[in-house]
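Next up: the structures, one after another.
Shared chain: chain A. Partners: chain B in the first complex, chain C in the second.
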Partner chain A sequence: MAKKMLEVKDLTTKYITRFRENIYAVDHVSFEVEEGKTLGIAGESGCGKSTLALSLMGYYFPPLYYSGGEITIDGRNISGLKPDDVRKSILGTEIAYIPQAAMNALNPTAKIIRFIEDVIHAHDPKKTKKDIYDLAKERFEILNLPSDVLQKHSVELSGGMKQRTVIAISTILSPKVLIADEPSSALDVTSQKLVIKMMYDLMNMGYIKSMIFITHELPLLYNVTDDIMVMYAGQIVESGSARQMVFDPVHPYSKGLMDSIIVPEEGTRDAKLTAIPGTPPNLKDPPKGCRFADRCKYVMPLCQTSFVTMRRFGELDDDGNAESQRRYRCIVPVHELKETFKREGGLRNTGGAAI
Partner chain B sequence: MKGYRKYFGKKILWFFITLFFAVVLNFVLPRLMPGDPVANITARITAGMSNVTATQAIYNEYIKKFGTDQPMPVQFVRYIGNLLRGDFGQSFSQYPRTVGDILASSMAWTVGLQLPAIVTGWIIGNILGAIAAYIRKGFDKVLLPISLMISGLPAFGLAIILLMVFGLGLRVLPLQGGYAQSLIPAFSLTFFKSVIYHYWLPFLSIVIIFIGGQAIGMRSMSIYELNADYVKYSRFMGIKDSKIVGYVFRNAMLPQISGLALSLGTMVGGALVAEIIFNYPGLGTTILGGITGSDYPLISGATLIITIMVLTTSFIIDIVYGFIDPRVKAAQYD
Partner chain C sequence: MSDSVLSGKGITKVFGFGDKKTIAVDHVDFDFHERELVSIVGESGSGKTTLVKMLLGLLSVTEGDIYFMGKKRDISTRGKKREYWKGIQAIFQDPFSSYNMFHKIDSVLLDCINMRGGAGLPRSKKIEMMTEACGFVNLKFAELTNKYPFELSGGQMQRLMIARIFLLKPKILLADEPTSMIDACSRATILDMLLQCRDEVGMMIIFITHDIGLAYYISDSVYIMEHGKFVEHGSADDVILNPSADYTKRLINDVPKIHAPWDFGKALG
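Right, the complex of A and B next:
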């Protein structure tokens, strides 16, 4: 079995509002990522994807606070480390982040090379400018960036170049886990592909050991990740391999999410697009039972009252191995859910009654 | 670099075009005013004289001296020629002192008062604003309302309050003047001490208001920058907070620098209120004297100096800004 790069157990983090209310944006989240693997995290806006990314780094800024759980990177438990130790020994080296707004992530008045020097000196003050320049030049070449970019300011670069520059800087310390938050949302389709291919190149060359993609673009996740995890209202509702999640979703929410994808395939033009009605619950006062209950078309009285835990279910994958990773959060047994989906026929049927 | 040279050339061209029109206005406007200033001077000098021929002779003499007998274009060419030689003409109200002489002596007082006040106020204000933005909490809650109140005070209001408290109430500082009236300006220790003693109130009245305004500006700029994406990204790459504060400070400073340059440009005309209230012998008091005494050469000399100062500083900002802010530089290249 491959080495576990990232292991998260019951991670819970909260925002404390001005009115002292606790909002648990990440609620008992557990998962793991193995070496050389890519995990995709999907979900609607506001479901806690980005907060999860920030929480994974263990570096908290108000109003975000740690509340419980454990994060282990390559066998080293980082929860409970002092903020300055996290800064020095974790950020950038163990776990690195490509922010959602990569276009604005660079200081407008500093040359790219100065910023890279600051990043490296924050972890290794003794490294000479010459060594840093050589390292940066080498990495920039992999990302197809000319070395004179190093002497430029961010305003002089195009959008795609800025994006690649940020990727180069985020990975310059060879992190074990790279989190990319909507890495390609601001790019056109061809640049998207290129950027993702380059990130894979970096992983194949061993500069990064594992990756987490956070996005709302499911087709992207299916194409580039090994596993997919769907989040809803701060919790994971289902996780499994990319193939299982796209073609055989089990949780009513993941099914709804997959049904709302627009795929340019023959025959899909006439199929009705479905959107999930309603809005996610207010996390200031989350429902006692299933958080998706109010929007679920298969809802039963029990869903509203009983706490729903994550359940595992075994299933044989293409190679005949038991897929222990597959988990879902619903009180209805898997086979009943599947039968219901089948009864409704096809992936894009909007009709159907409660179980 | 070619684009930048073009930009620089264009800026210089516009500098001179603006300057030319300022000079023309300076020349024309006083001459459009009603009344004959030469007749005024003659009347003052010949007051009590009954000899009409002599009065007429004096009048003719002055007309020749001031050149008002010549047609306008000729006068203008002469005016320009004189300006280029640094000759602003002769003051009417303080005749026979030259305008250049009067302006030079009052400029020294004004610059001596304003330059340190503006620079001190700018430095303290920016530091306080940046600290308030970084620390927030209690410090910010105290600083912000105080700054808002101070910067909202009219200049004369604060000056009068200071006069009341320190001059009339506590009687620790003098009420008016640039130095003790019993002294004659000289490079002596006594005179210097007197100047310092008289310096405090006008200085404070300018500094305090300046600190308030600068602190508010810097505070909001810094808060904005502290929430910028590059700050978050720098933090997530493990860069120390002290270093990030440096980035923020530099970026938040940019608008403040143009504020400083503009204040320095308008400095010479800016302290009119403080100078009048404290009867300080600066350019403000001189201009006021010029206006009340219909001293056209003095007024136009003073306004010309102010115009040149404003033009020069804004020209310098335009050029220097390109070097300190790469975004502006990129725009200049276009």
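Right, the complex of A and C next:
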């Protein structure tokens, strides 16, 4: 059993609007990430993926507020710390973040080395410039960046180089958890592959202990992550290994997501692409029952009224434990869901490669 | 083979001159036929958008001729340009910047009806047409009246853009990365509507994208563009499943796939 790097239990965070309404954008989210593993978080826009990332970092600035739950990084409970303490003791060393628009994250008036000095000095003010330069140079080599980039301004760099620079800056203090929020949405496929490979190199060399990937591009998640978690309207609706989630989803929403995968491979062209009709519920006044009920094809009267909890499932292994990570949130039993999906003509992308 | 709607011979666009000369589009030949969905695939900087702007007549062509409906395109005057735009329309990447934000949605759609010569129609007939167009893209016209474009979500706006196209019924629709700002679930809806435009209205669609998976799913034929040149073209199955150009091979190789995962990182299982 690998060491647990990040453990999140019932994390709930809310936005408070101008009219004093509470919007629970992250609602009782629990998961864990082990050392050397990568977790992917999928979901459509507005489902709370990015808010979850901010909440994990302890980045609580109005209108975002902490509401409940526990975050433990490598045995240390960090929930409920003040933003200033978080910046001094957590950010960078425990948890680091690559923002969505990494391209625009660099101040154009400062040299790259200045950002790195800033980050290191915030944690260790005594470190000399020479030491910092050597450290930065070493990391830049891993990311295949020439060391003269350190003396440049961000405007002189290309998009891919900026992205790698941002990765270098966020990981300079060897964080235990790296959160990448849409790390490659602005890049070409070639540079995207390169950037992700470099993040893996960093992890294999031990500079990062574990990663969380946030994106709505499912083929990418499947290639990059070990486990995938699907979020819908602030809640997790299903989690499991990447392979199980893509080829064998059980929740109707994850199934809808997986059916919208488009890849340039034989057999995917003739299969009809299906979209999930409707829009997510307004979280000002979330539905009492299942949050997906309004858009679900298999909705029953009970779905609208009864609160649905996360359920574990899966075959028992040798020790008698169910597969630990396989969970879903639906009132219909797994085998019934699977039968229904099969009746409907099976999964779009299985192509015979069923588990 | 059906008739050629739009074709080009040796289309070239050069920006700047002397030492700073950039050849954005380099002697490109193409021939697009009626009721065909053509994808142009390339990475950023390959000249896709420059080509689109030339086809739309927004940029002048440095060299080469464009033929529209078998005749050489003439957009030398404002009137002729307007006439040309009745036959060719576009939807762009960013639906938020495609609208005049001071105009309500009704007036956006009314403009389209007027442009098609429907200015003299009675108001009830116009509303009927607008309702039909909104129904085509799964929007409810009654909910949209008196709203401004920014009150809609990105996916709804992009759909409204297609409703405009439905009213205008051009011969050719240029779709310049219409799905890149929208998440994967709404993307399927947009793609379906483009296919409907082709099948039900009979438009010829030019679909510009950097995502080779999308191109494979949607198009009849695919053109691969690299540094301003078409390196490969043919039917979607030929190009994607048996690529011949190195560039195409590299593009396909680098796209994340489901059945042939990348060779680094995690162990699948």
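Simple rule for what comes next: the second predicted complex is superposed on the first by the 340 of 355 C-alpha atoms of A that agree within 3 Å, B and C clash if a C-alpha of one lies under 4 Å from a C-alpha of the other, contacts with A are read in each partner's own complex, and residues count from 1 in each chain.
Everything that follows uses one rule, which is that contacts are C-beta pairs under 8 Å (C-beta built on N, C-alpha and C of every residue); 3 or more make two chains touch, one makes a residue touch a chain.
Keep in mind that this is a model prediction, so the values were computed, not measured.
Student: Of the partners chain B and chain C, which touch A:Leu257 in the superposed model: first, second, both, neither?
Tutor: second
Student: When the two structures are overlaid on chain A, which partner does A:Lys197 contact: first (chain B), second (chain C), both, or neither?
Tutor: second
Student: Once the structures are superposed on A, label A:Asn104 by its partner contacts, choosing first (chain B), second (chain C), both or neither.
Tutor: The answer is first: A:Asn104 touches chain B but not chain C.
Student: Which touches a greater number of chain A residues, chain B or chain C?
Tutor: Of chain B and chain C, the partner in contact with more residues of chain A is C.
Student: Output check: A:Tyr222 vs chain B and chain C. Expected answer is one of first, second, both, neither. What do you get?
Tutor: second
Student: Have a look at where A:Ser170 lands relative to chain B and chain C in the superposition and call it first, second, both or neither.
Tutor: First partner only.
Student: Based on the superposed arrangement, let me know which partner A:Ser45 touches: chain B (first), chain C (second), both, or neither?
Tutor: Touch partner of A:Ser45: chain C, not chain B.
Student: Should A:Asp74 be classified as contacting the first partner (chain B), the second (chain C), both, or neither?
Tutor: Neither partner.
Student: Can you pull the chain A residues that chain B and chain C both touch?
Tutor: After superposing on chain A, no chain A residue contacts both chain B and chain C.
Student: Touching chain A in the complex: which residues of chain C?
Tutor: 43-44, 138, 153-154, 183-189, 191-192, 210-217, 236-237, 240-241, 250-252, 254-262, 264-266, 268-269
Student: What residues on chain B touch chain A, complex-wise?
Tutor: 228-230, 232-240, 243, 247, 250-251, 254, 324-327, 330
Student: Applying the document's contact rule, which stretches of chain A touch chain B when the two form their complex?
Tutor: Residues in contact with chain B: 57, 59, 61, 87-88, 90-93, 96-97, 99, 101, 104-110, 115, 118-119, 122-123, 153, 155-156, 166, 169-170.
Student: Name, in rising order, each residue of chain A that touches chain C in their complex.
Tutor: 38, 44-45, 188-190, 192-193, 196-197, 200, 216-220, 222-226, 241-243, 246, 256-257, 260-266, 268-269, 273-277, 279, 349, 351, 353
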